[in-house]
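The structure's right below; bear with me while I get my questions together.
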């Protein structure tokens, strides 16, 4: 098969888009249900956001972050996790697919299994999470005193893409636990949803040890904390070097590689134990 | 009654087989507890008292909320009955000589009993180990908390029973849980103690059934005077009120549903 | 089907071990079990092969290895010239797989959308898809339920939908795992006729596992039996029957429950109320006349040994007896 590498590399994303689109079209046959569900999801996201606002409203300032800076951190985190949930959230059903045997039927398809798993029951209602989060981010970016240098303008999309990739990787790595313990999928929630809850607030709130471990062990600090420090041009109050704020793409690549290794190892294990 | 005891035991046993899942749940609840508690500690460091809550009250409520997530099932799981309504198997259940509602009540109380012992206790234990929590006054205080937690299980069932029966009248019940699963926890006081909400909002939410699953038991444990009537007894009375009202609504819905099944043949 | 065609399936010394962990937590011990041992098998293009064996014999493990879901622990296997475990994704577009007990269709989608999804996965050009779907819709009479969500289909309709999904990309090999399980007589026969036609007209090779003697008799010119992970028989159906002398059974419905029937040439093997099963070792006619003379008989049926029994007997016979 002498196909150019570019075509082969583009095949999984294209398959992803096509499969996701087919699911959307199928769901569009029940428009009321889809709209209602999307509204509920947005309401959920808004209540979460109001939680953050309530906390900042009472405290005035947390770790030197006022309400607008806090909203910026929240917006970055919720946008990245929301996008990741939309793109990769379905992988958390891995254990259920393994138990029902549906995972076997995914393995006999000529499409990468991860693409099949991630697009399974793809639903646009998860946009209900992304849109309010992106709105909050936009408001925060305007309200905060950001010095919009060309570098910051250019960096913003790169930061968002890196953060989303990082969150996708967290999701996939979390799901891989289910290759070993299909019952324990909830444990992955402490990484995925827990990661989101953690990064919704300025990390300095949690103290030095937590900041260090989510910088160097599970690099969640690069989802919202370091990007916020970069956009606001602030030094790290926990004393980590400023150079780290340029590292989100590196962290994303590293985390994606770890997730890919986990996935391959998990798949290999599954295919040699049949369970 | 013997049937119900057997169904209760079955519910208990069924959950006890998911050991790995239980450990995973406790882990997740503990992680969320630590995250929420740390944020609230930072908040109360800035303002030592908000609407009668101090840092210790808030952190205690965080762990009560996490500990009760299993018993109250505010974020799910739905009753298995919901599937049976969707696929029509409920018609068989309705023909049994035992009432549908008490059958599933017994089953769900079995589930809740397991969750109370193997999820609530260890999750709260993590809070006890890591944070400075507030405890009830004396034996009587603990007894009130236990009664309150049992009432949580009853309210949790009664509410989810109504969600499940909604399947008789709605073609797509996913919306019920999309709404209940996202808004229920907030209204219950899981996201933040209701005391931190704007006073009017907090006061209204306190009176709704969801609060009787997290906020009210937490206030009973803390001995707060924000409870209805200003006392623990008032809090318990509110829980009993919701348990009775929701069970009665469930009974009404059951008879309507039965008539529907009989008339339409499923 | 000339000899210079490479085989569609070629397995040599194929084996799969599983490691089981047993006993209570902490004192758990590991034990290795061989689900499939040393299976050597070759299927030529255009064949219909029935793969039989009792539950747990290693049938589905073999099927999983042939489709690339399971990696073999020993031996080698090639399917349409590819090594399944390494080239699973490429192999997937050359074969079609149907699991009788679970659907490969999407539960919540109308059948037509499910098939559309399949088209994107297999990258079938739209025109080819439309033509092939029209053909299969016609042959399998899918028309009335193409717009129905899969979860609302009857088992027979679902199976026809699954077959269509597995065939839309024109695979050279069709792997069927219990395709007629749970179906009614009419659906069964429709599926069998369709498979025969597919095999005759398009030369599609078919490999199926089944517990249904009707499937085997109607479809399979060749039968492969596996038991305890080993190949126990590979040949045609008459040969299989001849290889093991399995007695026919006379089912007797007595007017009233009675002690087990004792007649020359017959041995009672089972009693259930007034119904008794008598294994025949002599001419049925003589046994029947003996039974009717001695007992008050309400009804009689003569049963051919079903395939389960033939297979079971085959395995018992394959093990050297010690007495």
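Odds and ends about this structure:
As written, the chain order gives the labels A, B and C, with residue 1 at the start of each chain.
Definition applied: a contact is a pair of C-beta atoms (placed from the backbone, for glycine too) under 8 Å apart; a residue touches a chain by one contact, two chains touch by 3 or more.
Note that the coordinates shown come from a computational prediction; the quantities given were computed from them, not determined experimentally.
Each of A-C and A-B has its own count of C-beta contacts, and the greater count is at A-B. Each chain's centre was taken as the mean of its CA atoms, and the one lying most distant from chain A is C. With centres taken as mean CA coordinates, the chain nearest to the overall protein centre is A.
A separation of 49 Å divides the Cα centre of chain B from that of chain C. Chain A and chain C have Cα centroids lying 45 Å from one another. One inter-chain figure worth recording: chain A and chain B are separated by 29 Å, centre to centre, where each centre is the mean of the chain's CA atoms. Taken together, the chain C residues at the contact with chain A in this complex read 18-19, 61, 64, 67-71, 73, 85, 88-90, 92-93, 95, 97, 99, 101-104, 106, 108-110, 113, 116-117, 120-123.
Of all residues in chain A, those touching chain C in their complex are 15, 18-19, 22-23, 25-26, 29, 100-102, 104-105, 107-112, 116, 121, 268, 271-274. Partner chain A is touched in their complex by these residues of chain B: 18, 20-21, 23-25, 27-28, 31-32, 35-36, 38-40, 42-43, 46-47, 50, 172, 174-175, 178-179, 182-183, 186, 191-192, 196-197.
Residues 30, 33, 36-37, 40-41, 43-44, 47-48, 51, 54-55, 58-63, 181, 183-187, 189-190, 193-194, 197-198, 201, 205-207, 210 of chain A are the ones touching chain B in the complex.
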